[in-house]
Every structure is written in C-alpha cells, then in structure tokens.
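In what follows, structures are represented as structure tokens.
The following pair of complexes shares a single chain, subunit A, combined with subunit B in the former and subunit C in the latter.
And now, the complex of A and B:
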C-alpha cells in the first residue's frame, strides 16, 4: 500500500515536469540548429492566451490547442526573420520576443482575465483518486502522453533521419553544412518555428489544464527554467526529460514538505524553483567543468562569404 | 534567372544605429496604430493625446523625465556590463534590491544632516544592486555559469523577497490591506529642482556622464573591452579578464540598484511591489537599441519615459497601457530589421 501523499507528489511532479519539458524540447530543436531563442517565456505566453481565448469562444478544445500552437509558431517566426534571415543578434531578439510576447498576451487577454472554461483538456482515462502508481500514470493529461511520444520521436529523428541530422549539421558547422548543399536558412527557420510550436503547446497545457485560467504574467519564469533545462539536458531529449522530472519533483516537493513535518516559510516556498534552478545550473557547470556540449555554432549568424 | 547574394558592407555608416532607431520607431508607431484601429480607437487622436500628456506641459514633461530616470540608470548598468560582453537581465531585481537597500539603512540609521543621509541611502541602493548580482557574477567568473539565466532568475527571487518583506517584517500596519513598508520620512525625500522635476534626474545626468567616461574614456573601460574580447589578447595585455568582468557586473548592478533608490526617494517613498513596473526589462530594450552607448541610452530613455507616461494616461480613454510596451519592443525589432540593410547589401548575381 503506497502512501496517498506520495501518489499526490508523483502526480504533481509529472504535471509540473510536462509543462517544462515540452517548452524545453522545442528550445532544444531550435538550439540544435544553432539558433538561441531566449523568447521561450513570451512564446509560452502567446500560446497560452491564444489557446485560452479560442477555448472560451468556441468551446472546441482541439481547435484551441491548434490555434495556441500555431500562434506561438508564427510568433517565433519574428525571431526567425530577424536572426536567421537578417542575421541580427540572437540574444537581443530573443529577449525582446519575451518582452513583446508578455505585453501582447496581456493586451489580447485583457478581457479574458477571470473567465471560466467550460471544457478543459482532459486526461485520457478518468480515474478518480488513483490508488497506485499505474493509476497515477494512466490518469495523466493527454499532453503528458503526447510529450513522451514527442520525446521518443524527436530523439529518433535527430539521430537517425536525414531530416533530423540536418539540424545538428547546421548547428555544429553551418559553413560546412552549406557547402554540402544543405539549406541553412531554411533549416534554422523551421527549427525556430518548431521551437515556437512546442512553447505554444506548453502554453495551452498551462491555460487549458494545469491552472486553468488566464491572468497576466502567469508563465512565472517557466520559459527561463525551460532554457536552463536544455543546458541541464546537454541538448539531448532523454536527459532533458530527466531534468524536467527532477525540476518538477522539486517544484512539487517543496510546498508539500510541511505535510512531512517541516516548518517552511511560504514565501521561500514560492521562490524555491528559481533558487533550485540556479543551484542546479551552478552544480552542473562545475561538474562538467564548463563544457556543456552546446552546439558549436549557437548564436553565430550564418553568412555565406562571396565567392 | 537572377539569384541574390549577401555581401557585408565594408564601412558601416556611423549613424546607422540612429537611423535604424528612427525607422524602427516609425515602424512601431505603425504597428501601434494597427492595434489601436483593431480596438476601434483613432491612432492619430490617441498618439496626439499621448504626446500632449507626456511632454505637452512643464508638469507633464517633468513627469516624463522622472519616469525616464530609473529606465536610464538601469540601462546604463546594462551597458557597462555589456562592455565585457556579458548580459544583465537582472536589472528588474536589482532595482528592487536598491529600494530594499535604502529602506534597510533608513530603518537602522538616523542622521540629522539630511543631505548626507540621502547620499548614504543612495550609496546603500547602489550596494543593494551590486549585492543582487553578486551570486550570478561570482558563479560566472568562477565556473562560467550562463549569466543570462542566473540574472533573470534573481529577478523572481528578489521580487519574492520584496513580497515577503512588505507582508512580513516591514509591513506597515497603517497601509491596511495594501502590502507595503512604511513611508520614509520627508527629510530624506529627494527634493524637486523645480515644479515636479526631481533631483533624481540630475543624478541621472551625472551618472550618464560617469558611465560614458567609464565605458569610453577611462583605462578601466579599455581594460573591460579587452577583457570582453579574446582570452589571448587579455592574457597578452596582462589584464585579469575575470576580475574586470566581475567588477563590471557589480558596478552595472549598482547602477540599476541606484535606479531603485532614486525611485524610492523621489517617487514612491516606500518599498512595495510597485517600485518598478518592468523598468529593468524596458532598460534592456533601451540599452540594446542604442548599441549600449550611454548618451544614446539617455536620449532614448527620455523618449521611452515619455512614452510610458503617455501610455499610462491614455488608460483613461480605455486604451491598454501595454500599448507603450508593445511600441517599445516593436521599435527594437524594427531597428534590428533596418540595421540589416546598413550591415549588408544585396547583390544580384547571374546564374551560371
């Protein structure tokens, strides 16, 4: 017989991890191709608000997910145009994408603060009060299974298919990839928009299931934690998933420590995810001695010299 | 069939950043107009109202300059840190920490000479900002931990700390349900030069000059530039790159802390979560748009201060204040797009 509290902890861990993991997976693809996109926070926010508004107005949850994902992908294309096509600074562009995304989503969502959803993103099987690990695993939200599917699919694609190997080729040495006849611009453009699409999926999960409502700045730094996760995962999908589970576990654990008899200041509980992220990032960097395994061309715009 | 290829321009026009900014601002106004039209608001009426209410009178101009002060100071901090090619995304947290630094010293010290007291309080704000970036700076130079993520995350930590302080140990019982610390005494208010214009703006001018000197004229600025360049050059020049980077980060954090201190002593007069409304993020836009030039930061910061005032007053006619944020961010995107045409030219090549 497993403690019901432990099952609750597992459940909360999986939910928090899913949210972070999907966004991190998208950023992983983008960064693999050599493009750093610091706009994750803004892209999640755009997807979150677009999905929520669509769901409130149409009551069609499937359509809402599609709209949220596409909105973020289109939003990410701003970054693609500015950095991939026009070769401007990726750090600057990504930061502004976050600022613009947060402001734009607040503007669009102004009349939807406090609105209630009639339909939510549901779990695959409805199990009330799961009483063992399998029931917890089976009662997860549909996005959880989708993210596992994507993890396997993306890991396989990046390693074993022509389409996927391109991203790494371009991200490691864009000039060599170019001389091999790969279309660098196109590859990086696709990778950036894919990153946006996944951030959007994370966003709709946030507003259509995890929370589920809309309010300003509700992403609360998750986009940045996702960025840290990519570093943690060493640009590998499975390790990133492990990292997401670890972060999700800690995020779920700290507020529950009280039930295990620890006295905790609620304000410290609130900021613990950010402290934990910094701590893990520092430990990891020390452990790896600064060699993180980042794509070699990350942040460097591709430019073909005149011949 | 013709193909096009890109060519890097050998000499980029010195004023290209300025031209790009102007063009970017125009693009942003167009985007702002579209958003206003979508909300059934007349853009020309709205913009002229914003213009009038932000710089149309001495009073409103003073408000704009007061608003610009923290934006400029935080922007200067970002620019100083960028001299060593590092990013400070933590200005927002440093602003809060500066205000916390002021209140901390105010509670624990009392001086009869208010001029010296104010100077000490501002020094405490500077130290608060520097303290806020201490951990990111340390782990950056010691272990090479990505400073973009660590400085950003400290924002959430410091704002969490602020919420704790104003709900807990510093909570003013007289503020009723609004969580805030007690007001500081009138004797430490930063006085106004004339009308509503605070002495904070004078401090802002002084620190713009200081930042310009530090970055472009001083030996330290020269050393910072080398430290931010290649490792080999720094070694060859006998410059301790890590030490310079560390110092640059603390000084830059201090500038943003000072922004919080000035804001507290001249505007809010107490610590609350309203000390900064995203000033640290707007400062990033300002610093980036000017290519990290202190004088440019001063000018664009002034414009953005006016834009923020304009943005907050048009709320009364039912326009979201976010329109100012969107115009600011779009300006930078527009400028980045235009900058491309200064850096590259499209060449037509015949297909072979």
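And now, the complex of A and C:
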C-alpha cells in the first residue's frame, strides 16, 4: 500500500511539469529555427485568458482549447512579423510580447476574475481517488497525454523528417539553408507561431484544469521557467521533459514536506530552476567545450543580402 | 485701475469662502491608490466596496487607480497627479506604500495621507489604519471545528509574520472551543498571491487528511481545490468565494472598510482628525464574518452569534493576557496548530 501523500506528490509533480513542459516544447521548436522568443510568459497568459473566457461563455471545453491555442499562435505572429519579416531585435520584441501579453490578458479578463467555470477539462478516465501509481498516471488530464504524444512526435519529426530538419537547417545556418533553396522566412514564421500555439495549450491547461479560474497574473513566472527548461534540456524534447519533471517535482515537494514538519527554504526552491540551468551551462562549457546544443543562428536575423 | 479692484475683490471673496463658514464635503476629494484591481474578488475589492460606501454616506468626490505596485516612484506619480487635481485625502491600501506616504506627507502638509496596514504616523497629516480580522477568524474557527470529521483542518498561509500567525492562532482557538480534538495544519506558500502555489499547498493539506481548509491568501485557489476534493472551505477578504466554489464555501472573515472610511473622512471634514492609528475590529464594524452556510448546525451558528456579540461588547477575549503590542509581534503557535516556524 503506497502512501496517499506520495501518490499526491506524484500527481502534483505531473501537473506542474505538464504546464512547464508544453510551453517549453513550443519554445524549443521556435528556437530550433533560430528565433528566440522571450514572450512565453505573455503567450501563456493570452491562451489562458482566451480559453477561460470562451469556456465560461460557451461551456464548450474543446472549443475553448482551440480558441486559447489559436489566440496565442496569432499573438506570437506579432513576434514573427517583427523579428522574421522586419528583422528587428528578438530580445526586445520577446520582452515586449511578455509585457503586452500580461497587460492584455488582465484587460481582457477584467470581468472574468473569480468567475466559476462550469465545465473543466477532465481526465480521460474518471478515477477519483487513485490508489496506485498506475491509477495516478491514468487519472491525468488529457493534455498530459497529448504532451507525451507531442514529445515523441516532435523529437521524431525534428530528427527524421524533411519537414522537421528544415527547422534545424535554418536555425543552424540560415544562409546555407537559403542557398539550398529552403524558405527561411516561412520556416521561421511557422516555428514562431507553433511556439505560440504550444504556449496557448499550456495556458488553457492552467485555466481550464490545473487552477481552473482566472485572475490577473495567473502565470506567475512559469513562462520564464519554461525558457530555462529549453536550455536545461539542451534543445532536446526528452531531456526537456526530464527537466520539467524535476522542476515540477520541486514545486510539488515544498508544501508536502511541510506537512511532515520539514521546511525547505522556499526562496532557494523558487530560484533552483535558474541555478540548475546556469550550472548545466557552466558544466557544458567546462566538459564539452561549450556545446550546449543551442542553435548556432539563434537571435541573428536572416538577411539574404548579407550572404 | 478698475480691473485691479476687481481682482482684489475676487481674492478677498475666495479667501472668505475658504476660511469662513461650516465644514463642507465639497472642499474635499479623496483618492484611493490600490495594489490590485478593484474587482479582484479579494483585498482590493474590499477596499473599493469601502470607497463606494464612503461616497454613499458622505457624498464626497472620489477617484481610484488600480494595480499600483508597492514602489515609491509608481505611488508618487499617481498621488501627485491626484494632488494636482485638488485631491486632498489620499488612501494607500497596501503595506508597501509606507515610506513614500510618510515622505509625501512632509512635502504636502495640506493633504491627509491614510495608510492601510502600516505602523507609521506623524503628528499632523499621516496615519495608518487596519482591522482586527483575527476576531472574525476566531468565529470562522468555531465553524471549522464543528465541521471537520477527520479532525484535521488545513490552513494555507502566506508568510510566517505576526499578522498571519495571529490569524492562525485566533482561528485555532476558535477550532479548539468547538472541537478540542481537532488540529490546524499550516502550510506556508511564501506568497500573498500565487494561484499555483496555493493550489499545491491546498492539495498537500487535503492529501494529509484535511477535510476543511482555510487560507490567508489573496486568490480563491484553495477553495477551488477544496471544491474538487469535496472538502469544505473558509475563504478570506470577501464573500465572493461563494461563486468560485459554491459547494465548498462555508463562510469567510471579511473586511468592511466602509464605516471606517466614513469615520476617518468625516473626522477630516469636521476638523476633528487626529493621527492616532485606527485599529479596531468587530466593535468598529471594520471586520465581520460572512453569512455562514447551512453546512454549519444551528447550535454552532448561535454560538458564533453569541461570541460575536461578546467580542463586540468586550466580554470575550481571544488572546487572554495579551496586549496589543504582544499581538502585533506574535511569533508562536498555540498548541493545536501543527506547522513549521523558524
């Protein structure tokens, strides 16, 4: 008989990890194509609020998910237009996306603060009180399984298909890719919007399932952890998932340890994703000649004339 | 020449209007600077309801600005704009405005600065005010104690500081009166507002066996977690949790700033304002317990009513033998609280 609190810890870890992982997966695709998008926090917020408002008004949960995902994808296209088409600074544009996304979500969601959601995004199998690990795994929200599916799919696509390799080709050397006849702008545009769509999925996971209501600043910094996760994962989907589990575990552990009378310093736990990420970068620099896995062209705008 | 006479007359008449005559509410305008948004369903909404009550009672002109972080520059920008527009009473409703309000009170001696939850004041135009919410928490503890079947009550709490600890202990004292066998288990989130941290903490308490939860937090996450688990929940700040988690919601210690705001503004208008800090509770009608749901038995409801009246009359004391100073520095748990304290 496994302790109910341990099962709770596992359940909470999976929930916290799913939120981080989906957003990180989207950013991974974007960055693979050489575009850095620091707007994850803002994009999650947009998807979260759009999905929530749709769900409250229509009571149609699948429609709400689609609206949330599309809203963030469209929102991300601002970044694509500014950085891919107009070739402006990616850091500045990404930061603006975060600030704009948070402010815009507050504005749009103003009349929905504290509203009750009548339909939640449920799990596939209705298991109320999971009594073993298997049941905990089966009782997860549908987006959890979708994220696993995407992890396998994206990892395979990036490595083994022509469509996926384009992203890497463009992100590693956009000029060479261009000479080979790849449409750099189109590829980067798609990658940026895909990143937004995943952030939107993460957002609807937040407001339609994990913490099912809306209030200002719901994301509370999760977008930044997702950004750190991409680096932690070395731009590889499986390693990113491991990182998400680790960071999710830490988040779930803090309150549960307290019920046993232990207290981890919460501030150290809160900054640990960033510290761990920096440590990994340092270790890679020392032991692997700085081969972090980062796409070589990341952050550099593509100008055909500069060839 | 004639024109200068006219100007002189005008000045004299304005001076006469300003100095003479009875106090007039039209001479005052009150501006509120809020930490959050006015419909946050919590802390700031309670203040804004107080502002609306103030307007109804006194007819004073008011204005407010939302989402001003506890940052000196941000507060100053907003407050100075109001002062330029003739606002002469400034309310600041979060602790973090403490020092900037003190500073601006010196620069603008004709403006009254009223600061919520602080501890500073001067001898002319700056003071602080707060409510003894722990009195309402005691009453909510009576409800919680009567409801728990597992004898474990979960408390999702923000920071281990005296204000929060005082609330936990008052609540636990209430629990003890209703149910001596129950314990109150505390989990710290180390944030006033963090929907995810609050959810995690609430779930951790539910997994540890709690069947009634309460909170010292600014979001309704705890209630939503309780609702999903079929547990009961005592909210905080306002009764709005009733909508967010209708089955879990039992009651909530709530703020009722209106009467205090009216009292303070009337004091200013009638020239009776002093900078003695305002710290009252149920007797001053600043805090209250939201209407208790029918989950609670009528016996317990009448016990709550009885204790409430005794607290108002001063015949029942929640922390016996403790001075206000002791309460303001409280740093220990009473014996039916389980939790970590550094």
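Criterion: the second predicted complex is superposed on the first by the 276 of 307 C-alpha atoms of A that agree within 3 Å, B and C clash if a C-alpha of one lies under 4 Å from a C-alpha of the other, contacts with A are read in each partner's own complex, and residues count from 1 in each chain.
Assume contacts are C-beta pairs under 8 Å (C-beta built on N, C-alpha and C of every residue); 3 or more make two chains touch, one makes a residue touch a chain.
All figures in this text were calculated on a predicted structure; none of them were measured in a lab.
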item: Which superposed partner A:303 touches (first subunit B, second subunit C, both, neither); value: first
item: Touching partner for A:231 - first (subunit B), second (subunit C), both, neither; value: first
item: First, second, both or neither for A:93, with subunit B first and subunit C second; value: first
item: Which superposed partner A:267 touches (first subunit B, second subunit C, both, neither); value: both
item: Touched partner set for A:215, first subunit B, second subunit C, both or neither; value: second
item: First, second, both or neither for A:249, with subunit B first and subunit C second; value: neither
item: Contacts of A:106 with subunit B and subunit C, given as first, second, both or neither; value: both
item: Touched partner set for A:286, first subunit B, second subunit C, both or neither; value: first
item: Set of subunit A residues, in rising order, touched by both subunit B and subunit C; value: 106, 110, 220, 267
item: Partner subunit A, residues of subunit B touching it in the complex; value: 5-8, 35, 87, 89, 135-136, 139, 143-146, 148-150, 152-154, 156-157, 160-161, 163-164, 167-168, 281-282, 284-285, 288, 320, 322-323, 325-326, 328-330, 332-333, 336-337, 339-340, 343-344, 347
item: Subunit C contact footprint on subunit A (complex, rising order); value: 4-5, 7-9, 12, 16, 19, 106, 110-111, 113-116, 206, 210-213, 215-218, 220, 222, 251-252, 254-256, 258-259, 261-263, 266-267
item: Footprint of subunit A on subunit C - complex, ascending; value: 36-37, 39-41, 67, 185-190, 193-197, 199-201, 203-208, 219-221, 224, 240, 243-246, 338-340, 342
item: Subunit B-facing residues of subunit A, complex; value: 38, 78, 81-82, 86-89, 91-93, 95-96, 99-100, 102-104, 106-107, 110, 220-221, 224-225, 227-228, 231, 265, 267-268, 270-271, 274-275, 277-278, 281-282, 285-286, 290, 303-304, 306
